[in-house]
Amino acid sequence: MKILFIHGPNLNFLGKREPEIYGTDTLSDVNSMLLKEAASIDKGIEPEFFQSNSEGEIVTKIQDAFENHNGIVINPGAYTHTSIAIRDAILSTAIPVVEVHISNVFKREEFRQKSFISPVSVGVISGFGINSYTLGLKAIVDFLKDK
Amino acid sequence: MKILFIHGPNLNFLGKREPEIYGTDTLSDVNSMLLKEAASIDKGIEPEFFQSNSEGEIVTKIQDAFENHNGIVINPGAYTHTSIAIRDAILSTAIPVVEVHISNVFKREEFRQKSFISPVSVGVISGFGINSYTLGLKAIVDFLKDK
Amino acid sequence: MKILFIHGPNLNFLGKREPEIYGTDTLSDVNSMLLKEAASIDKGIEPEFFQSNSEGEIVTKIQDAFENHNGIVINPGAYTHTSIAIRDAILSTAIPVVEVHISNVFKREEFRQKSFISPVSVGVISGFGINSYTLGLKAIVDFLKDK
Amino acid sequence: MKILFIHGPNLNFLGKREPEIYGTDTLSDVNSMLLKEAASIDKGIEPEFFQSNSEGEIVTKIQDAFENHNGIVINPGAYTHTSIAIRDAILSTAIPVVEVHISNVFKREEFRQKSFISPVSVGVISGFGINSYTLGLKAIVDFLKDK
Amino acid sequence: MKILFIHGPNLNFLGKREPEIYGTDTLSDVNSMLLKEAASIDKGIEPEFFQSNSEGEIVTKIQDAFENHNGIVINPGAYTHTSIAIRDAILSTAIPVVEVHISNVFKREEFRQKSFISPVSVGVISGFGINSYTLGLKAIVDFLKDK
Amino acid sequence: MKILFIHGPNLNFLGKREPEIYGTDTLSDVNSMLLKEAASIDKGIEPEFFQSNSEGEIVTKIQDAFENHNGIVINPGAYTHTSIAIRDAILSTAIPVVEVHISNVFKREEFRQKSFISPVSVGVISGFGINSYTLGLKAIVDFLKDK
Amino acid sequence: MKILFIHGPNLNFLGKREPEIYGTDTLSDVNSMLLKEAASIDKGIEPEFFQSNSEGEIVTKIQDAFENHNGIVINPGAYTHTSIAIRDAILSTAIPVVEVHISNVFKREEFRQKSFISPVSVGVISGFGINSYTLGLKAIVDFLKDK
Amino acid sequence: MKILFIHGPNLNFLGKREPEIYGTDTLSDVNSMLLKEAASIDKGIEPEFFQSNSEGEIVTKIQDAFENHNGIVINPGAYTHTSIAIRDAILSTAIPVVEVHISNVFKREEFRQKSFISPVSVGVISGFGINSYTLGLKAIVDFLKDK
Amino acid sequence: MKILFIHGPNLNFLGKREPEIYGTDTLSDVNSMLLKEAASIDKGIEPEFFQSNSEGEIVTKIQDAFENHNGIVINPGAYTHTSIAIRDAILSTAIPVVEVHISNVFKREEFRQKSFISPVSVGVISGFGINSYTLGLKAIVDFLKDK
Amino acid sequence: MKILFIHGPNLNFLGKREPEIYGTDTLSDVNSMLLKEAASIDKGIEPEFFQSNSEGEIVTKIQDAFENHNGIVINPGAYTHTSIAIRDAILSTAIPVVEVHISNVFKREEFRQKSFISPVSVGVISGFGINSYTLGLKAIVDFLKDK
Amino acid sequence: MKILFIHGPNLNFLGKREPEIYGTDTLSDVNSMLLKEAASIDKGIEPEFFQSNSEGEIVTKIQDAFENHNGIVINPGAYTHTSIAIRDAILSTAIPVVEVHISNVFKREEFRQKSFISPVSVGVISGFGINSYTLGLKAIVDFLKDK
Amino acid sequence: MKILFIHGPNLNFLGKREPEIYGTDTLSDVNSMLLKEAASIDKGIEPEFFQSNSEGEIVTKIQDAFENHNGIVINPGAYTHTSIAIRDAILSTAIPVVEVHISNVFKREEFRQKSFISPVSVGVISGFGINSYTLGLKAIVDFLKDK
């Protein structure tokens, strides 16, 4: 069971500034945590990690996953609210996708209330800090086992 | 650690019709599953369950929780989109709340895209079938431990 | 053929004030009229009547009808425009429903132009005074016979 | 008691295509049914039938009815949502009008939710197949008798 | 100087009902009044009158005017608010047009506030009863003399 | 002169949490204050108090007031913005109503800017803390004396 | 018959710039023309002229007219679209008002399409250059004579 | 305790027209009533009165109050709905302001539903006739005493 | 293979005015060009041409095509943006339709951006002058051959 | 005559999934078809093909075309609805552009109804499957020859 | 080179309250600073300063500038968002105008996002404290020199 | 003091086309001008220049600036109106940013009126041609010195 984790724009900056507010976990800490968590669920889970600030590269990576992965956990960052291209990539590959957000986007600006990704995802998890990723991992694994 | 699960309107009807579509799990099956899941996480977790079709009763139950529970997992059903009273109950009690939905509401009618509850919740989990409850349980427990 | 008539909020007040405007027919007069009308159509029709000012009680009554009635004639009153919970109850029970209104709601305030109930009803009858109920009875009986 | 039935655009096509979906009743079958139904209610009722695809002809027909009919049952078809001219014709003649629709327009596209005709009608009946016409006939007759 | 007066839908009904409200002037009275008024301004003015309830006929009449008239005074009635076809006819013939309304449309329903005709007219006169036509005649004559 | 005070949802929670912010006055303190204030204005004023979290119960209470009270002072809480049923209850009983709010709702979320109750009230008082109730009492008494 | 002409903001600048576009008529030329036109209609008409760039002064002038004039012809300029105060002044004095515009406002920016003044005016004349004033004079005189 | 009463545009016209509708109280009657009312509450209250039809003068008066008054009771009239300048004056002086309206603005046109002043006021009182001023006086005095 | 070309309102005026702008091709030139083009593609294609300024006549013509043609190329002109009746005619006959426009409607007024016809057409071609018709012919022929 | 074909995001995935629905034509098949089609029209036409999932790369490619191509046929995919940058690239290079879509975008989600590209294109072709490209080729060639 | 600086409503209050927040610079300090800055750029620049809380006075001042100044730097304060009259004054005088704001209006309330002045200005400078004025001076001088 | 200048999409095309309209200054001319200007202000200012058509590269460059620059002057071009990713990059690095535009965006299409960047910038400068950059340089330098 191969799971691709896609981190969208600005997530490479996680933990770089104001640790007292955002915590000291960097993106590589998050990935390490997910590797451990995956192993603790099932040895057969193979996580892969990808980060990009480019909408086009994320589209291409989702297409690549069509032949290489069973499911995707994506935090589309700002592209959540603006990218129809990523939505179309998910639609055309038809890979199961779980959308996650570190912050609770529903507490933020009006323009963050609309997601182009949610309607083409299995489900959405938002607001639990980096624990959103752990919950997303559990959700995609359970979903794939149920199929 | 006392966790209150609130099931909103029509959730008492779960599993009563069209099992081939909605599954055969009734609400009491869901509650049993959650009891087992809670025990498997930590013996100290005490789940309580409440279902009502009445907006006012849900408001009152949230107020009762102020003195009796550490956290709430709520599936507000249709009241998600119409009840400012439930939002205000959460605001005034300030108990940590996780909002869950069985279906992916973002795939449904326009009027289901707006939640009065999400902005006053810790976070939101939507679209994973009855597994949304399990993920919600995990999320609230992790949240309470982190505080 | 069991038909449930549901009268929504404030309909218990019918005929109580300003008889020169609203007529002197009370809700119990309406129900008597419907009993007579039903008998004149077909002896086998068994009408039942229910009134409530509470959204939650109406939801519960619709669920009860799932096992007890063949069709519903509902005047949802003010809940027509605000209750997704009643809509969901109709959706989940899948009982045929005819929506009726005493006044022509399309002549009234903007916010009365939108009905959450109409899209999940068989059809809508609005504006014929208490005769809307008689037409609704005829409509549901014809619909059930055609099935 | 002279009742004019006005069938709007495309209703002359009724029953011409896909009988398994729309039924095999043509517009002339509907008119025959209404003649029979009228006779069964009261021998004194004189139905007249009119169909046109032209907004202007419908306006003119409503004006003609001012001196020739006691009431109108109209299915304005697509003009329901676009014709202020028909609305004005009803307003200026002040003949009682009952608006009927074969399909439940509230289940259809957003632009079919607004009717220019409903606010100037006695009432509206929508969604009962060709039975909507029968109910409309009963409604206008009862209305005229009550006046 | 040939001036075409176009009366839109329902204006043929003027003076037919409720004389205490709308006056007893029929459309033919209005036309007679305009003939007299035109003569009193300038013997060389040749008014022609046209009324139709059909959008298409009004379009065709405007096209005919391209070779036969110097200016148009139009009361588009309900088509003011719905007809892009009449707007396009005015645009493509480029004849000077004055738009008039008997009632003050700005005091009426929201949907009467928008005119498709005004932006392609020389100017607009609204609210002066049948005197709006007299003012419109004066306006188009002055406009044509100034050119 | 019998005055009914209706406290809407969550007002039973007043003073229960964060006294440094919301004050230590509970709802029963407010009611005591109003009893004293009423007596100081006029011994003939008989206040009655009612609180409910249920929309339906508030509707029913307003109907009961039709035969038992001269005026109502209502703080509809969250139902201010969502309840057409309460609006209709006020409309159908036609009892004079003064709407009050503890906080200045105009400083809060967009969805709190619209009140279904204000257009059917005598007037509105908003933003003066629990003094809004005292001003509401004075307002309804003055209004009833002026009639 | 005393007629007050009110010229709103920036109309004092008429004819000062770009004569090839706006003409060389200054506001005082317009007023002279109106004096002549008034005399030609009826010696008993007494025009008075007022210009101000200040919303407040226009409000006060309309109030003064309450005791001194029979009717008003107003070109509210930019205040057409923004001034509720001028609307209220017209409403509270109830003097007949004719609204005029030199340009055809319906050909201009979206924000110029809404007039706060039109719904409280007898009627509106827009787009005929300074001839709009002449037509407005004729319109108000005819209106006052008909009353 | 110096209280400034600001009466906005058109309030100088109070009582001048249609006494059977608006009452015979002029603005100077209102001011006299307020002087008496103030004295009956507390001899130390010094009311001052100001009326203007000019937005700019009201802005300047509010600025003057910064050094001369403890609180303001303002009826901004039409400027309620259009003046950001008055809002900014209140914001920059930070004097406590109570907004009052004679009529219930929530029963009137849509454009009167939005107030630029309410969000920067302590609170709002609307709909109690000239009694709104008396309630406003009581409200500002209580507010200033509580500070 | 019988193809019906429908030219909507004002297209009969093509080439009549301002040849330097719109070209000198009249509608009959366009039709001749299409005859030649059709022959050059396939001798078996039988084009028929129809123009009308009347919405109702276009509806009727589409219905007639149900039994007489294999496909339609329509330039609905102004009715593109206002006619639900034409949309319904296409829907009820289910003939393949290609929508064409001479000008690029997306460069024009906002109200020309919405087409009621496009969602029920096979496809849309817009902006290529009279070449849009040639492309439309090719498109419908290819479509019919592919079926 | 050098024609650049630009295929936007996800078009590289054409034919990769669900051949029974989308056909088995891959993007390279489409390009081959276009080469053949171009040759059959005119040997002098030199097509070039470019695909990218990146908005920025498409912008750069359009700029490159400024010196290298005579016209562009673009299927902007999802960027149609979100990219002002591509619009600006077309604007600043001023190369003639034909916009094509495989599916009929007007049948799809609301957010696909708005194109940033159409208003800066010569014209638009939408809905004819991969034949849209062939029609687009013919359209740009005819356009360039006519210039 | 004569430059007029116009300070809109409430700017006369600058530096009067909360110096720790808004700084201690009064409007006269700002003007002194600008005099010095102007001299340092070019001895030939003659600044003039004007402040008013009245929309009408600002309109008049802009008209006066038509004959007396080469350019205007305006901070329209609250009138930025509400005054079409000031916009029209700029339009009719056609003097080059630079719009400046002390605060970054784009960080503030929604209603401050729309400026009636920006579209008729040369350019806009917003958010640099009183340095916005210095930048505005430099901008207008450079603009006038470039002409 | 290190200042990064970011030029968004299509700015690399500056000066390449229609020199009579856009001038002959290329982007490298602009950069040279800024180097000179910086030196003339303060030898310690070190400008760096970056241009990209890719949203993702601009995000990455802003992140790089976190450790390498004191301030940014950005012309985000088309991404101003569509990129939340660039907004988030600025938010997460918290570097002071000045937003500049060559043209006055407020004179252009509606969709260019909204900037995602302005609310997270120090301030905005728009409309002064390439002089906007010079003003932006002065603004950021003054801002950094004041801190």
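Each chain carries a letter (A, B, C, D, E, F, G, H, I, J, K and L) given by its place in the written order, and its residues are counted from 1.
Note that in this section a residue touches a chain if its C-beta (ideal position, glycine included) is under 8 Å from a C-beta of that chain, and two chains touch if they have at least 3 such contacts.
These figures come from a predicted structure and were not determined experimentally.
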Any chain in contact with subunit E as well as subunit F: none
Superposition of subunit D upon subunit K: rotation angle, C-alpha, nearest 5 degrees: 180
Cα-centroid distance, subunit D relative to subunit G, in whole angstrom: 48
Centroid distance [mean C-alpha coordinates] between subunit K and subunit G, Å: 32
Of all residues in subunit E, the ones touching two or more other chains: 54-57, 82
Complete list of chain pairs which touch one another: A-B, A-J, A-L, B-C, B-F, C-D, C-F, D-E, D-I, E-G, E-I, F-H, G-H, G-K, H-K, I-J, J-L, K-L
Footprint of subunit F on subunit B - complex, ascending: 54-57, 59-60, 63, 66, 82-85, 87-89, 92-94, 116
Subunit A residues within the subunit B interface of the complex: 104, 106-107, 113-115, 118-119, 121-129, 131-132, 134-135, 138-139, 142-143, 146
In the complex with subunit H, residue positions of subunit K that touch it: 8-10, 12-13, 16-17, 52-57, 77-79, 81-82, 111-112
